[in-house]
Amino acid sequence: MLSYALRTLTRMALTFFVIVTIVFFATRLSGNAVDFVVGEGITSEDRELLIAYYELDKPLFSQYLAFLRAFTDGQFGLSFIERRPVSQIVLERIWPSAQLLLSAVALTLLVSIPLGIAAAIWRKSWVGSAVMMVAFLGYAVPNFVLAIVMVLVFSYWLNWLPVVGNGTPLHFIMPTIAMAGVLIAALTRFTRNAMLDVLGQDFMRTARAKGLPEGRVIVKHGLRNAGITILSVIGLQVAGLAAAGSVVIEAIFAWPGIGDLLVNSALRRDYPVLQFGVLTVALAVIVINAAVDLAYAWADPRLRHTVQA
Amino acid sequence: AQEITVGAANVSSYLDPGRDHSNVGSQFYYNVFDTLIDKNHDTLGADWQPALATEWKLVDPKTMELKLREGVTFQNGEAMTADDVVFSLNRMYQATFPPYVVRSRDRLSNFVKAEKIDDLTVRISVEKEEPLWETLLNLQQVMIIPEDYTKGLTGDPKVAEDDDFEAFSLAPVGTGPYRVAEFIPGERVVYERFDGFWGEKAPLAKATVQQIPETASRVTALKTGEADIITNIAPDQLAMIESDSNLRTVGSATPLFHVMIMNVNHPKLRDPRIRQAMSLAIDRDTLNEALWLGKAVVPDSHTYKEFGDLYMPELKTFEYNPEKAKELLKEAGYDGSEITFDTHPTYYTNGMLAAQAITEMWKEVGINGRVNIAEKWSGGSPDLMARNWSNPMYFADPFGSFGVMWAPNGPSEGEGRFNTDEDYAKIWERFRFSKNVEARKAAYAELMERIKQDPPVLPLYRPFESWAMRKDVVWAPKPGHIPYVLDFRAGSISFASN
Amino acid sequence: MTHSATVPAPSLPAAAYRLWRGADPIQKAAILIGLTLVSLAILAPLIAPFDPNSQSLIARLRPPLGFERAKAGFLLGTDELGRDVFSRSLYGLRLTLMLAGLGATLGLMIGGTLGLLAGIAGGRTEASIMAAVDTQIAVPFTLVALFLLAILGSSIEVIVLVLGLAGWEQYARIVRGEVKRLMNMPFIEAARAAGAGPLRIARHHLLPNIVSPLVVQFTLSLSNIVLLESTLSFLGLGVQPPTATLGSMVGIGRDYMPTAPWIVIAPAMMILLITFAVQILGDWLRDGADVRLRAR
Amino acid sequence: MTRSPLLSVENLSLNFGSFNAVRDLSFDIARGETLALVGESGSGKSATALALLRLIEREGGRIAGGRVVLHGTPALELSALSDRQMQAVRGNRVSMVFQEPMTALNPVMPLGEQVAEVLRLHQGLDAGTARLAARDALERVKIPEPERRLDQFPHELSGGLRQRVMIAMALACRPDLLIADEPTTALDVTTQAEILTLIRQLQDEIGMAVLFITHDMGVVAGIADRVVVLRRGDKVEEGPVADVFARPRAPYTQALMAATPKLGSGAPKPLHRTEPPVLSVDNLAVRFPVRRGLRPGAHLDYHAVAGVSLSIAPGETLGLVGESGCGKSTLARAVLRLVDPAGGRVALNGREITRLGASELRGIRKQAQMVFQDPFASLNPRLPVRDLITEPAQIQSRMSRAERQALAEELLHKVGLEPEAARRFPHQFSGGQRQRLCIARALSVRPALIVADEAVSALDVSVARQITDLMAKLQQDERVAFLFISHDIAVVERVSHRVAVMWSGQIVETGPTEAVLHNPQHPYTRRLLAAVPVPDPARRADRVPPRSALTAPGLLLPVGEAPARATMIEVAKGHFVAAVDPASSLLNGAPPQAPAGAAAQEREPADRRRLHPV
């Protein structure tokens, strides 16, 4: 166990290190912070002054070393733009993002698993087709279009739902739906396919031969198996969503989330925020992935024992 | 107790009037901070009002003495003293903190120092005789902040370190009618009435400025009641809001030019005739009609009504003349090579549309233009050919707008896309420091002629900026302010009692 | 299944015909939609009544024909710069299809090759490729796009590259998984017993067997890329104006949704139809390919 | 029939879509009776079984006519019940054991839960009681350590044990009728024998009726009271088992009986071996590293082949037999360098290939070809037959399309297939045809040696016969040597000049076919032979029920250790037997020198499978 954990940790650390390095150099290669941080219309004299002030005059490599050192003493520096510790900025944004992500995932699970099962069971009838059409729609509509249409309909015209921020449960409804759209589409498809695979398996016949009612057969035997496949997919999807953030959704709903923060700090070349932000997200994704792997291994007894002949 | 919420397109990343001169930042300072000398913002002209200084006079041509108001307290409870004033002024006049250095250099370089005479008297000295005393004491950059509080924010409480100023920009304290009760950079500023304010009490108990970047969401928030006022309404959205009987819009042609800047040093643009042609090809009136519903103001020269005596509408520095443009191009032997027009994707209202329209207009005269969208500021790049920018009126004087950017050794020259020579510098000196308005006007006209002959810039228009609000909110941008100020002081906002 | 002795190795048109016969009405509709869209895209220069970029600032934001204030000749109205929405949609469709096609192909080639390599080589190679996949998953894609566009400048080529990179890790994962599964199949061992080297195994034995999951992934990433491109446009990172793509038309036109919805509706509908057709076609192709495997 | 019928099937017709799978089938099963349903593959046996439980609708079929009545109080017309009413019957009064023990159990549900589920459902037991009852059910089918099994998952059990769990599940509610659909086809003979014995014992205990579906006539002879023979959906014969075997009336039944290989019907004479051997294997060892637990350094080696020596002369067939998992396939693969041996050497036509590099090896490949255990899986489903069967030749020397086509047609002709088959894909062939494709592929390079791994085990008897005949012909014409691996000993007898018996990674007995099979010396050989079902109901009585009590040497050892090697003793000319090494536990039975009559004294029925790593 220890060595397994160690190996996983090493691998995580390695990925993490690679990301750290890539992010560091990519940010620097992609533009000079000076062009963003010090503002427009600056004499060369002032420019030098500010470059020195923001410590951008050090050689790239020593900046990199300093950045690595930050990991040991926990000092990731101040945002160039907001002038406060990046850790504070990023952490402030993570929770709202996580909340949104969680509610989107919850909604996705609630909707797409039953839909996927229905589509698999009734694949030959109109029910299956209808479900899959709905799922396709999820793929087909850009999420910001969905979001803006919802805003116009439910807030602008009907005045049912608030648009700004994350204050109350009501605030979650639209962003959650907008964010879950693609996820629901994907997961419905995966569930359907996983379920179809399972429906044809011999053990399903066995379960029926035992005299189990059809519902029990599908939920207890079918879903339990398909669930494992679904789990592996959902982990990836969630990780992807966490990583891709939901800049667009966050912008539309003025949601103080990390996606918005990352894109903005990238646009403004706020290296410290960007680096710390990306790393936090990457870490989260890596951890989610590892957790899903573990859960997957745990849920599938065939993987629980790595002993094989 | 009235409370309001403002849905703003942008909220500042920090709040420090000294280092800031952005369009975003200027929204926020006036509610929290005072200057020594205030201005009557209801009028365009320079109607100076006592503020933290009750009286001021020149003790000699290069020294001004100001009497401070008694009984002023900062929002943290400290009393304002001459020390605070001297500290606040010298943080700019004798700046060491680099962001201040930069800001003071372009507008305050004539100021030498402030010193305390007694508890209620300070003196300010300048290097050359200053024609713009009041104007430059009314600047946002010289708003008064508490000394002890600031110094004590980090490190040694006796010394003003860089970090103190950094910290201040997150926890600003001033003497104004509102204190900043909550500030989440880029997200929200919450003002609360400051009961210890020396002047007329603030009309609002609380005002929240919430960032809502997406236009549709901002408009919707107004409609749902989540916001009472919203900012940055593009002209195209006005009709929609006005069609709602519960809402209304106010707007004004802001004292700010959207400009096109051109790099005089770009190899392809070195010939002034090409730049003249680029300028002459742009039909700014059509842009105004189409993009601003005719509500923007297209200037003939780099001048604003707000300049008062120095307003010079008679100058014809910029015009639309495609025929001449074609001619000039031919003369200059323009080879049809591509001229890029850089623009930020979203920063300026209608900025992208204007950019595309401009390249299309160029095409009419034979200029091969291409829009180049970039987030980053390309004004300092030698590859820059042309781009959009805005040239705000930082204060009501040609120096406060044209002057800040096109001074010798100023930022434009500093960025390498504009050249000045000795001659220019001499005219500049006359324009800047002549005591006599007529002399200054004459010098400014000369500068404009120089610009016309060898253009580095074309002011496109004063954009028409709109705010929308609930019908019962009585608020409008005041003509005397610099652009974008959200003024919630007494007399600036009230509620209709219907 | 009967072992019908007469099923020949299908020729392409014949196979297509057989597939068409086996399609259900929805699938047939999807095929027709797909073909229509592709023809519209190809014929855009012939059909489009206007230059997609020519502006008429005085006739901005005019609604489609049949509505009040409509301007003659502008079938679907004009956009915020007075350009013909219909012509722009056609050209946008053309460019979007091209971008999506190239992007998905690029992703397929990068991811497919790496996945194949990982699956066959195993060991260090596999570990480092999978580490790259992990990295790609963990770094927000919008940022990758942003960096690349910032470093390489924004041009159609770079956008294709960016879009291609958007899906490579999925291909790599799928291909590697499939290859690892296949590598344990007796027929691979049979090929080795016959003396086949790794290249031959990859080409003759692995590739034909991973085509079908790849087809599905390809269709998925096609629609993903269309959406991604529109997100990039939303963020102002997409194809540079005035060039139209469906994504940029929607991304930029969103501000006009309440006041001039026609700017967005046409391209949004096209996006919807593309993804719809592509998804259904993907399933249909996969089912078509599966017949061979299922029929025992 | 003197006994009262339990189940009557009257004029049953089954359709899959428009395909009429079963026509007008009628038969009765009495209480306590075992009815065998036999017939060729695809004749509708499984369909019938599924129809009885009304599961056929789920599989896309339907009952097109006739009725099924389950007698009792009240009598139930199964064919007319609703799905809900059927639920009370399934698993309770009629239960079923499916063909594939590997996949019929839910892989992610603990076994205890799967068994308890039936009990809770039909007997309304609560969770605790059901668990106890499930434990008893497992115990009844003689699963060792039933307590522990409750929390195990299917993959942790061997096929035999899984099949027992299936049976336990089926019997949990003491059904009136057990339907067993090919319950042993996937298992090796010894395990099969155990399962059959078990079913018989339980039947005696509970008194239930059994509908037993199989295509193995040996099994039928061993277990059935009556036989129903199906062919292409029609019943062609029905009668008491002895009658059917002794006097088959329908031509199809006669053909079936004729094709059924019977042990003891004679083997090819051993060859005079004068030429140098095609293949000589010396002390070959193969091990697989096994990671146990998650600690480093806890690696073990699984010695799948633990020191095997053998040789095959040109034109000779060496039969290799042994129970499932004893290392036959691994040996075969090692001989062809498809796995790298850990020790020993292999020489092909005198050239040692053990240490050749990949490219040198490719040159040697044409001399030795392999026919893989699973013909379907070993044919790339995406390639046309032409490319598949000419691939070895193509690799050795590039050929044009036309040459390939010509070669393919020639090969197809050799194995008795139409030239037109070259254009088809593997899935368009029947199992037997596919097997022939594999053989054609092996022949494309004129090999000196063909390793045929279970080349016929999956086929029905008549197809198997075709293939072995083809091999014999090849041997005659081209003097190909065969290493023929099979667990069907009767087939091995028919084709092999010599036989080697493998057990736990080693060869424990080898010699001329006749000598080994009729004068077995090693206890394991004896046990193996005893387990072979005899297709003769008359001899049912004198068959010793096989017992498993041999303790195999542990093959899962810490790195560095190796299992002890047995020394071979020559008991007759060319007949070698592994000797007992007193220091090792290799053999736990009588020494080979002991008189052949002395039966191995095997006692406690230990779980054979514990010998193997899970």
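Chains: A, B, C and D, in written order; residue numbering restarts at 1 for each.
Criterion: a residue touches a chain if its C-beta (ideal position, glycine included) is under 8 Å from a C-beta of that chain, and two chains touch if they have at least 3 such contacts.
Quick caveat, the model's predicted, so the values are computed rather than measured.
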What chains touch subunit B and also subunit D?
A, C
With contacts defined as at the top, give the pair, A-B or C-D, that has more of them.
A-B
Expressed in whole Å, how far the mean CA point of subunit A lies from that of subunit B is 40
Distance in whole angstrom between the CA centres of subunit B and subunit C is 46
Return the residues of subunit D touching two or more other chains; collapse runs of consecutive numbers into ranges.
none
Which residues belonging to subunit C are in contact with no fewer than two other chains?
150, 235, 254, 257-258
Which parts of subunit B, given as residue numbers and ranges, touch two or more other chains?
216, 219, 375-376
So the complete set of touching chain pairs is A-B, A-C, A-D, B-C, C-D
Please output the residues of subunit B touching subunit C within their complex, sorted ascending.
215-216, 219, 234, 236-237, 239-240, 286-287, 289-291, 345-346, 352-353, 355-357, 359-360, 371-376
Contact set on subunit C toward subunit D in their complex:
3-5, 7-9, 185-187, 189-197, 200, 204-205, 208-209, 211, 292-293, 295-296
In their shared complex, at which residues does subunit A touch subunit C?
11, 14-15, 18-19, 22-23, 26-27, 29-31, 129, 133, 136-137, 139-145, 148-149, 152, 156, 182, 236, 239-240, 243-245, 247-248, 259, 262-263, 266-267, 274, 278, 281-282, 285-286, 289
Using the touch definition up top, name the residues of subunit A that touch subunit D in the complex.
1-4, 201-203, 205-214, 220-221, 224-225, 228, 299-302, 304-309
So in the complex, the part of subunit C that touches subunit A is made up of which residues?
26, 131, 134-135, 137-143, 146-148, 150-151, 220, 223-224, 227, 230-231, 234-235, 247, 250-251, 254, 257-258, 264, 268, 271-276, 279-280
